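Each structure below appears as structure tokens.
Shared between the two complexes below is chain A, which has chain B as its partner in the first and chain C in the second.
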Partner chain A sequence: MTTAGVVFALLFYLAALVFAGGLTARIVVYARTPVPLKIPTTPAPTTARGVVFRMAREVLLFESLFKANLWTWAFGILFHFGLVLVIVRHLRYFTDPVWFWVAAAQPFGIYGGMAMVLGLAGLWARRILVQRIRYISTPSDHLMLVLLLGIGLSGLAMQYGAHPDVIAVKRFFLGWLRFSLQPMPESALLYLHLSLIAVLMIIFPFSKLLHAPGVFFSPSRNQVDNPREKRHLSSWAAVMDTERPHG
Partner chain B sequence: MAETVVAPAYRVIPIIPELKPGSMGQVRSFVANEKIQTALGFPGQVVDDWHEKALAKMAELLGKYRSLKVYMDACVHCGACSDKCHYFIGTQDPKNMPVARQDLLRSVYRRYFTLAGKYFPWLVGARDLTRDVLDEWYTYFNQCSECRRCSVFCPYGIDTAEVTMAAREILDSVGYGQKYTNEIIGKVHSIGNNLGLPAPALIDTLQGLEEDVKEDTGVDVRFPIDVKGAEVLLITPSADFFAEPHIDSLIGYAKVFHAAGISWTLSSMSSEAGNFGMFIGNYDQLRKIAMRIREAALELGVKRIVVGECGHAWRVAYSFWNTLTGIGNGADDPFALQLQRQLDQRYRQPTHICELTWDLIERNALRFNKEANDPYVVTFHDSCNVARGSRMGDFAGGQFEIPRNIIRAVANHFVEMADHTTREKTFCCGGGGGLLTDDLIDLRVKGALPRMEALQEVVDLHGVNFMATICAICKAQFSKVLPYYKFDRRLVGGVHQLVSNAIILGETH
Partner chain C sequence: MRMQSGWTLIGRMALLLALAGPLAAAVSEPVLDIGQGGKCVDDPRFMRLNHMKLMRHQRDETVHQGIRGGKYSLAGCVDCHASKKNHSVLGTDQNFCQGCHVYAAVKIDCFECHSSEPRRALAGEPLK
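Take a look at the complex of A and B:
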């Protein structure tokens, strides 16, 4: 049993707890906050089915961003879909035997890693080079990109440079899933990679990364456009109807 | 002040302008006085404990509005909205970028309501709520017309209008209201309409209109008011009663009712479609103003409620009336059912005047002499609140098609302005959201820039000489700012003004 094994096991238990707990708590807050008025940005779907399609286009194709700015859209798509492929590829560390579709997706995961880094670099370049975006950027906006770039680049560096013992890494995470501490192979790049991921998970519920759950709760996107056909009433507004009109 | 205001130059190519930080920092709408404020139940002037009160109000709103809560968290500063606001394009002040305007509030939200902002304010751009910040809120949240253009482009649908409404609600609650909007809300409560037109003056005006139309057409077109048992209650912006060019559309509505044989009435108690309660984000005011219409409908026993040409009024009517007052359909509570049982549910409740006219045209119930509009080459300016906050007809986007269909039915020459300036991407006229006041004329002229550029293009290409629109604020704003861009102020008018020109009155067979 290595010290690194213990440290990373504990770190990831903490990170997973904060990530899942923090995100759940936030989603509960969003879900419980009332929506007193109908405010879809129109033209909006007139049926619930239509809203599902609108949300799907928004989440999978970044439809609104496409209308807004092709550069940001392209870099955003590269990053997010690259990240999805990377996550799929990494599922091999958590499954034994590896699911067939995860195995099939392995080569794409590498391209995903490259796309992700390219997209992040593009987004960061815009943040630095475009005057308007530089103006609205806070230090955390830059650091978030640095963090994600760090994760992507350290991952690619392990793929193409210093290969850590991936069999041992897999043993570590399979054990971690079962609360059984396993050694972590020695590799500075791997430690960096894993530490940055833990940081990302921990800050997720407290940062602008909340855009991920937030988009699903955005009333301008998820409401059905049917205010005339059906009376929309929130809890606190409904109370007013039963009060005597005043003044 | 007005003499010094000059229109910005057209952009040679419509590129995104350079930033000019602070360029609009001195443009501040007049602050409401004590009398105006207290009439609405707000503190008369900025209270001593404004800091605590403002934060308490913010906490309250974050708990009452999911939109605000999610929008405060979700922004990633991607910049998608940053070049979309007409006020930013016209003024180049970076704080008029939607994201930067939101950040004025978000920075304080982060400081007091998030973990990161509490412990690492410098990292996430969090700010203490100081008097300077409060003043900055007042300045820049009164430079947003709540037109929702930014929300079209935001990947999370963040609507700056919601943020502006929250900020104005906070400002009002600490005694820092805007004169123009709050004074007008006071007039609605005390007199019944935004212009403060008392009932006798209104009745007089309507009689004068009957005489004018008789003289013009030889036909007895009525402008009825307070008629119990009429089928339709018309709720229209009070500017329609006397302002130019608004009044020509009112004549158009009356002619449509006359030609279709629909009995209708106005209400002296509720002679205003506009609802400035929305502009200040105050639900109580929004509801109280809308309630006047419910009361008028119940009192007059009408079967249908029709709304005249007014942008934000139609948003409130279409999107909010059912919620606020039960004017609509599909309720199962006694409050709303009391009214919904009275209204004829074969019709859309409420109905936009354009929906009514277009339905009649489709049924061949109206006849037109289109040549009457031949002097005009017409284009259509989509009003922001109609375009992005409401609908007409039975399909998404009906709010774009129906007014255009009417124009094509009554006029022979119609052309569109550039795609990126119409329909859901339309630019605000520059005077919406409670900014239609002379103390903001500088902002209004600059904010009109993108629309004026698009208009100039079709004027040059097609000889456009009539820009039709369906909003009282658009009409008033353009009448005022068109001359700054070397256009004739009479270039703007209503869709029903064109209907009025072409409609054939008298026997239809």
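Take a look at the complex of A and C:
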């Protein structure tokens, strides 16, 4: 048993707990937040099915960003879809036997990694080079981009530079899933890659990355435009309604 | 939300692990039939991480410069590591190349052109 194996196993149990627990707590808060007003951004769909389509366009195509700023949209799409491919490629470390579609997607995961780094570089350049964006950027805006960029670059460095022992990495993570400690192969790049990922998981529930679950709860996107057909009344306002004498 | 100190949490997780350890199912990993085996042309750990680079390098030397008989060669790998059961490095998940490549979902293109059987088998010599 290597020290690195124990350290990373514990680190990832901690990270997974904070990530899952923190995210759940946040989503509970979002779900309980009062929505007193009917405020869909018009033109908005007038049926529930329409809202599902609108939300799908927002989540899958970043529609409102497309209409707002084409450059930011392009880099954002590059990063997010690259990340999807990268995550699919990494599923090979957690499944045995590897699912056929994960095996088929392996080469695209590498292109995804490049797209992801390219998109992040573009988004970071925007924060530095566009004066008005630089003015409103906080350290955490930069930190998130640097963190994700570090994860992407260390991953590509392993692909094109020094391979780690991927068989041992997979054995480690299959073991980790089953609470069985397995050794972690020696590789500085791998240690860096995994540490950055653990940091990302831990700060995710406290960061701007919460836009991932948050978008589903935004009233200007998820509401049906039917204020005349159906009166909008939140539960706490309904109570006040019954207590108040009607004139 | 009141947080317990980080170290207490880590301590509890370590305890949980120690308790769950014996219950843990065996972790699957490739079990390889290394064929004839013997001493490899280089350190096995080095070969595990770099065999793909060595083969690509050898391909360039052989195809572009006509250099044959170097230290590393695909046919050399196959000669030592073909299974004695099916005389190949492919076929089952125990075979030398296929075992790890299936485990890690890495496609092997080599044998779409090259032979997965040892040269002495192709020459019709008896196999040990």
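By our rule, the second predicted complex is superposed on the first by the 243 of 247 C-alpha atoms of A that agree within 3 Å, B and C clash if a C-alpha of one lies under 4 Å from a C-alpha of the other, contacts with A are read in each partner's own complex, and residues count from 1 in each chain.
Quick note on the criterion: a contact is a pair of C-beta atoms (placed from the backbone, for glycine too) under 8 Å apart; a residue touches a chain by one contact, two chains touch by 3 or more.
Model, not experiment: these values are computed from the prediction.
Placing chain B and chain C on a common chain A by superposition gives a fit, with no clash between them. In the superposition on chain A, A:P97 contacts chain C only, with no contact to chain B.
A simple residue count on chain A separates chain B from chain C, and the partner touching more is B.
In the superposition on chain A, contact is made by A:T33 with chain B only, not with chain C.
With both structures placed on the common chain, the touch criterion links A:S180 to chain C but leaves chain B unconnected.
In the superposed pair of complexes, A:A9 makes contact with chain C only, with no contact to chain B.
Annotation: apex chain A, arms to chain B and chain C, angle 160° (C-alpha centres, rounded to a multiple of 10). After superposing the two complexes on chain A, the closest approach between C-alpha atoms of chain B and chain C comes to 10 Å. The part of chain A that touches chain C in the complex is made up of residues 9-10, 13-14, 17, 25, 92, 96-98, 102-103, 106-107, 162-167, 170-171, 174-175, 178-182. Looking at the complex, you find that chain A touches chain B at residues 26, 29-30, 33-39, 41-46, 50, 58, 62, 64-65, 67-69, 72, 76, 123, 126, 130-133, 135-141, 143, 203, 206-208, 210-211, 214-215, 217-221, 225, 227-233, 236-238, 240-242, 245, 247.
The part of chain C that touches chain A in the complex is made up of residues 1, 9-10, 13-14, 16-17, 20-21, 23-30, 45, 48-50, 100, 102-107. Per the touch definition, chain B reaches chain A in the complex via residues 16, 18-19, 21, 62-67, 69-71, 73-84, 94, 97, 99-100, 103, 114-116, 122-125, 148, 151-159, 162, 189, 283, 287-288, 291, 318-320, 322-323, 326, 328-333, 335-336, 348-350, 387-391, 394-397, 399-400, 424-425.
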